[in-house]
């Protein structure tokens, strides 16, 4: 697990997962998109409590390595202010076959999104900003009053 | 769909799928691994009947674009002689959310592997070589007599 | 009995508290008690179950007992990726 | 009635036939008939269902009827990726 204030370089990350035994590589990237919940997004700020994000992220990766017969897995999360199109998070997994590469990659990003102490604040085109609600709650259909400040 | 005799460059392929509306990007790569079915593999040769591989590959991609709410999808397959560690096939998908990026990526590689007129011949460390049996048959547990020539 | 605690606020909690860190002396048993007592500070309309807590840099359960000198990290709902 | 057909062999089929292309004149109805009649050429131990056929550069079903002048592509089991 790695947290960085610099641009994530997926191709360099990928190269670190190479392995002569590996026949499959699955990766996921989260990109900053220009809209969310019907609002036009201008940029996005990630706040991360690094000591615990690293610890919990490492735990997630180790869980993936235990659960699935994969060779290598890694996750990098960006912090600070990001622009539309930037890569906020990258996950990569190499394994002998593709089933487990896909499954482990999916497992890692799912867990990272709900377990790591990471928060994002959206800055909207209309000048407002707001902290983004947790994804798990959104999935479960919970009502989260959105905290918006101008 | 693209077929190439040159090295696949995943990072360049990825950049072509960028979209301001996209929050998710999933990719898959098939790498040449040093073993298969208990045999030590030295290199691998891909034979492709290009006119139909392109046509059928394009069809697979269009099916993915119809089935899943994704923005862009692409697949590149390498032909000719490949070494251990080389990328033989790359699939990338961008979409608003990750569910459909993963699903479409998986759909494309699954279909490409069983529908496109592509064959691979493995060259083993012991000097033998053999055409690799189709994956679907392997999955279904069919008995395929392996054609091995020295 | 009062316990001396250091509270760290993150993201929306920090903005509401107007500070990222403060020291308090409170008579609280569990992390959940603390969360309730500090509601006016972090201004959370979130149910406890959507938030997380860490004690001395370890993720903890809300029913974890607090000790004098603990550093308690209050996390609003997370949203990585 | 005999039909003039051009047969293209791929991968293991080509190696067994010793050629990638040949012209034949055969009395065959469907692609499946052709596959059976040419078994000694492509040397396939594969059941028909594991192989594929294309006629004039279009993927086809094995029960497709062949016409005089057709180019028939015989594909052994594919293994992309």
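To keep things simple, chains are lettered A, B, C and D as they appear, and every chain counts its residues starting from 1.
Quick note on the criterion: a contact is a pair of C-beta atoms (placed from the backbone, for glycine too) under 8 Å apart; a residue touches a chain by one contact, two chains touch by 3 or more.
All of these numbers come straight from a predicted model, not from anything done at the bench.
Undergrad: Report back the single chain whose CA centre is most distant from the CA centre of chain B.
TA: Farthest by centroid: C.
Undergrad: If you average the Cα atoms of chain A and of chain C to get two centres, how far apart are those centres in Å?
TA: The mean C-alpha positions of chain A and chain C differ by 25 Å.
Undergrad: Quick one: chain B and chain C, Cα centre-to-centre, how many Å?
TA: Inter-chain centre distance comes to 49 Å.
Undergrad: Two-or-more-chain contact residues of chain B, please, as numbers and ranges.
TA: 30, 109
Undergrad: Taking all chains into account, which pairs touch?
TA: Listed in label order, the chain pairs in contact are A-B, A-C, B-D.
Undergrad: State the interface residues of chain A toward chain B in the complex, per the touch definition above.
TA: Counting only chain A, the residues touching chain B are 10-11, 14, 18, 20-36, 84-85, 94, 96, 98, 101-102, 105-106, 109.
Undergrad: So in the complex, which bits of chain A are touching chain C?
TA: Per the touch definition, chain A meets chain C at residues 30, 46-47, 49, 51-53, 55-56, 77, 88-89, 109, 112-121, 131-137, 142, 144-145, 147, 149.
Undergrad: In their shared complex, at which residues does chain D touch chain B?
TA: 10-12, 15, 45-47, 50, 52, 54, 57, 59, 73, 75-81
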